[in-house]
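Below: a set of structures, written as structure tokens.
One chain, chain A, links the two complexes that follow: it is found with chain B in the first and with chain C in the second.
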Partner chain A sequence: MDMQLRSVFTFVARKLLRLGLLLLAVAIFTFVLLSLSPIDPVQAYIGADMMQISSEQRQLIAERWGLDQPMIIRFWDWLGQLVQGNWGTSMVFNQPVSEVIASRFWVSLPMLAIAWLLSGILGLGLGILSGALAGSWIDRVVRLYAYTLASSPTFWVALLLLIVFSVALRVTPICCAAPPGILAADVTLWQHLHHLLLPAIALSIIGIANIALHTRQKLIDVLHSDYILFARAQGESLWGVVRHHGFRNLILPALTLQFASLSELFGGSVLVEQVFAYPGLGAATVQAALRSDVPLLVGIVFFSALFVYTGNTLADLTYPIVDPRIRLGGWQT
Partner chain B sequence: MTVTSPISKPMQRFRSNRRQRILWGIAWCALLLVAMILSPWVIGDDGLSPVLVQRNQPPSLVHAFGTDWLGRDMLSRSLHGMSLSLRIGLLAAGISALIGTGLGLAAGTLGGWVDAVVTWIIDVFFSLPHLVLLILIAFAVGGGTTGVIIAVAVTHWTSLARVIRAEVLQVNSSDYVRLSYRFGRSPIWIARHHMVPHVIPQLLVGLILLFPHAILHEAALSFIGIGLSPHIPAIGIILAESMRHLSTGYWWLGVMPGLLLLLSVKAFDWLGENVRSLLDPKTSQG
Partner chain C sequence: MLSISNLGITFTQYDQGLRRKQLTVITDLDLTIQAGEVVAVMGASGSGKSLLAHALLGILPDNAQLSGTMEFQGEPLTPKRCEALRGKAIALIPQSVGYLDPLMTVGRQVQRVGQLNGLSSGAARTLANRTFARYDLPPTTRQRYPFQLSGGMARRVLVSTAVLTQAQLVIADEPTPGLHPDVVTETLNHLRELAREGRGVMLITHDIEAALQVADRVAVFYAGTTVEIAAAEDFARGNLRHPYTQALWRSLPQNDFVPVPGNQPSPENLPVGCLYRDRCAWVTSECEQARPELRFVRQGWVRCIHAER
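Let's turn to the complex of A and B:
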């Protein structure tokens, strides 16, 4: 018991240390990139009113912001503020960055979650089906589907879905997260679901291809091994073999892939939310970049790094549940 | 290799057939892509001028991709846009491949702190969603066409660098390279005779498979409006424009240019697969 507790403790400590180093690296990278960029922060802040401002006033703003300081000092100032939780104020939304990200992420989260689950389950299912029936017409159809989707642009798939289901069939709404003209408090759960269904499906369609192809390959490898030959010789059926031997072997890499796909899911949500005008974090990313909202953009960069890292850590946490032979914190017990 | 036996005759015919098939595949894909890139100079700018009497026509024999809300021919607009996107993608992917090869070779051969720094940069790049990274870099360098090219060029080298680093490390620790060192061969001689033949096929396939990613990301950046200016008809911009006309039922504005984009990405994929199976000794002889 004591051993187990200690291994969990070392696991958490190591993960937190790695996360800290990663965020520091992202901070250095972002800071260097933005200080080398030709964008003048004063001009980006003032925007269109730049003409009405004298050069003395500009100087004053620059001094107040510490822009005359050397880069290292500015970096430590900035990092200190970040660590204290001051992520700045978003210029587009006129709200603290952390609040914008939190509220936008809650809008995106149901869509991301549905897309993630759907792509995982469908991808695994299709992969097992085509792997077990390798060479059949089902396998051919699944492979054609996966290879085509792997190379089709996310936003175009979203556009196609929009054309078919919203414009031609009129079964789904054409935009936004709620019907227009209704107060946010009055939106029913069904209306929420109705609006996020198509974006979620568009997002999941992209994710299916990768996991289906990997699962298929893994299952084919497993089915060609000696122990499967032996099991089949003993009279085990194909689906029995898949259930008892195949599934256990392919669930671990599939989980790794699925948690690693959070990175692509986040990127895909930027494009999908743009197509469906869904007011989530992805749409906020685009607005931050288009309207030079540096604090919000930096905040989103940090948040996305955290998001991806959480996904990888969750994958590590699920391994011991799926496979009891794996222990947290490595093999040294 | 040249020993002939009675059995090898049908095998040989099969082999040449397969090689021929692969070569034909490569030729067709390359031809298609070159045709797409050169198409604007062949068809000229005629289709780009507005013809108001022919507005919003669905695809027909005269206008295979239909016409838009100004009566411009969508086929020539799409081809112009695709050509531009392909050229930007090729340039960015080329730069990316150079960076990837350079850093991969440096990390693999020099080792030590160079290797540590390169792997660290790769780790940081992989820890951010690719699209967020692209947006950040395109924004930081000031947007526009240069912004897109730089953003795509500096974010696509990581996987290639990883592959080349691993390849170099593997070859470096193999027996024949160690033996070569013991024989007193200089590192440059070893690099020339032992490394390069191993790295070149990886590099070629890696480069070709970089293109579709680069083109898709260029299109994505233009689509959300961070890339090229709206006056230049890149494929992403054409698709973004079509969004405003979709609700009125002009489906071809969005579907047809996207099909062209999908076709060019697929062509690069096929090209890469075929070149890989030609260069890989496991599949090239089968």
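Let's turn to the complex of A and C:
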């Protein structure tokens, strides 16, 4: 027990140290890239009123902000503020960056969660089906579907869904996270679901292909292993083999892939939210980038690094739970 | 109980592009096993030993075609019958711990065998525990995963999977290589015990000494065919009929320790006539004419036209 507690402690400590290093690296890269980018912070701040101020006034703002200092000093100043929790104010939303990210993320989260679960469950199911029946017509249909979707761009799939379900069939709303003209407090749960359904499906469709193809291949490998041959010799049927031996041996790579796909999910949400005008974090990213909202953009970069890192850590945590060889590896007779 | 005659196994393969190729890996294989008897099936790797086991269990890959006849308890072994019998009337003891699911406790896996034999999960667990106790496996073994077993424990767990069944025929596929001599003796004794219970045991091995230690009869395979079926005593008595068997016997360290020169022909280019003729000291022009028939000579079966000398 004592040993276990200590190993948990080392695990957490190591993970936190790595996260710190990762965020530092992200900070350095983001800062250098933005410093070298053509975005002029003063111009981005003042916007259209740029013509009305004199170059002396501009100079004054730049001095006030420390823009005349060398890059390394500016970096330390900025990092110090960041560590203290001052992420700056978003120019587009005129709100503190942390608040913008928090509120936007809550809008995106249900969509991301539904898309993630859908792609995981459907991908796993289709992968098992086509792997177990490899070579059959079912397998061919699944593979054709998976290859087609794996090679279609997310925004294009989103547009097609929009054209079919919202424009032609009129069963889903055409945009946004709620019906227009209704107060946020009055939106019902059903209206929420109705609006996030299509974006979530668009987002999950791409993920399905990836998981299905990997699961299929893994199941085929498992079915060709010695222990499956022995299970067959013991009289186990195909579906018995899949249920008792196949599933436990393919779930580990599937889970790893599923957690690692959080990064693709996040990237995909930027495109999907843009197409559906869904006011989540992805749409905010696009706005921040188009309107040179540097503080918000930096905030989102950090947040997404944290998000993806969490996903990978969760994948790491599933290993000892699923695989006894990792859990008990050190413990021998 | 088991009678195999003129068994042939051919694989259809795709050679470069779409050209189909037939690869015959077993030709004219004969073997019988009686209840209560241990028959060793001996041969170099590639002589078709394991394929025979897979054919009996009906677990050959889809691209394999069978010819000849296999009869089990007087009735032909059709693919359908194989499927019904495998794990129940015919059980396999596999080569190594690699044949156990790495992510499942061995207790669950042995219990599963009982369930596949129609027991309830409770009854199967009791039976699994009893079988583990019979083989002196401590109760904690049930919670172990295959990677946590020592070589000897793994062997006993694998034997347990077959003992649990009512199988009349137990096929042990290479159970001895790489084991400590004590564990080898223990494993062979377990097989002997199964025969004493009235089951037929097929011991697949390339270890002559292990085979002679436990077997009643020895079938020698060469390039996918049975060249000789002899009683175990025939070896020490010098009553061997086929030149290949004699050469194998002489190659043992305690005998003359002379290696058998040459190699087994590959299934891609089997010679016409006797399969052993290119390595045989007795070869004559007659050996090139046709494959010799299996004949009964001095109380044993042999596939050689010069066996009487």
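Simple rule for what comes next: the second predicted complex is superposed on the first by the 324 of 333 C-alpha atoms of A that agree within 3 Å, B and C clash if a C-alpha of one lies under 4 Å from a C-alpha of the other, contacts with A are read in each partner's own complex, and residues count from 1 in each chain.
In this text, contacts are C-beta pairs under 8 Å (C-beta built on N, C-alpha and C of every residue); 3 or more make two chains touch, one makes a residue touch a chain.
If you're wondering where the values come from, they're calculated on a predicted model, not measured in any experiment.
With both structures placed on the common chain, the touch criterion links A:231 to chain C but leaves chain B unconnected.
Residue contacts after overlaying the shared chain place A:67 against neither chain B nor chain C.
In the superposed model, B is the one of chain B and chain C that contacts more residues of chain A.
Once chain A of one complex is fitted onto chain A of the other, the partner contacts of A:266 are limited to chain B, with no touch recorded for chain C. By the touch criterion defined above, A:248 lies against chain C but remains apart from chain B after alignment on the C-alpha atoms of chain A.
Of the two partner chains, neither chain B nor chain C is touched by A:122.
In the superposition on chain A, A:323 contacts chain C only, with no contact to chain B.
Note: no residue of chain A belongs to the chain B contact set and to the chain C contact set alike, using the contact criterion stated above. Remark: chain A residues 22, 25-26, 29-30, 33-34, 36-39, 147-148, 151-156, 159-160, 162-163, 166-168, 174, 263-264, 266-268, 270-271, 274-275, 285-286, 289-290, 292, 297, 300-301, 304-305, 307-309 touch chain B in the complex. Remark: chain B residues 120, 123-124, 126-132, 135-142, 212, 216, 219-220, 223-226, 239, 242-243, 246-247, 249, 251, 254-255, 258, 261-262, 265-266, 269 touch chain A in the complex. Within the complex, the chain C residues that touch chain A are 54, 57, 59, 86-88, 91-92, 94, 98-105, 112-113, 116-117, 145, 147-148, 150, 161.
Remark: chain A residues 226-227, 229-236, 240, 244-245, 248-249, 322-325, 328, 331-333 touch chain C in the complex.
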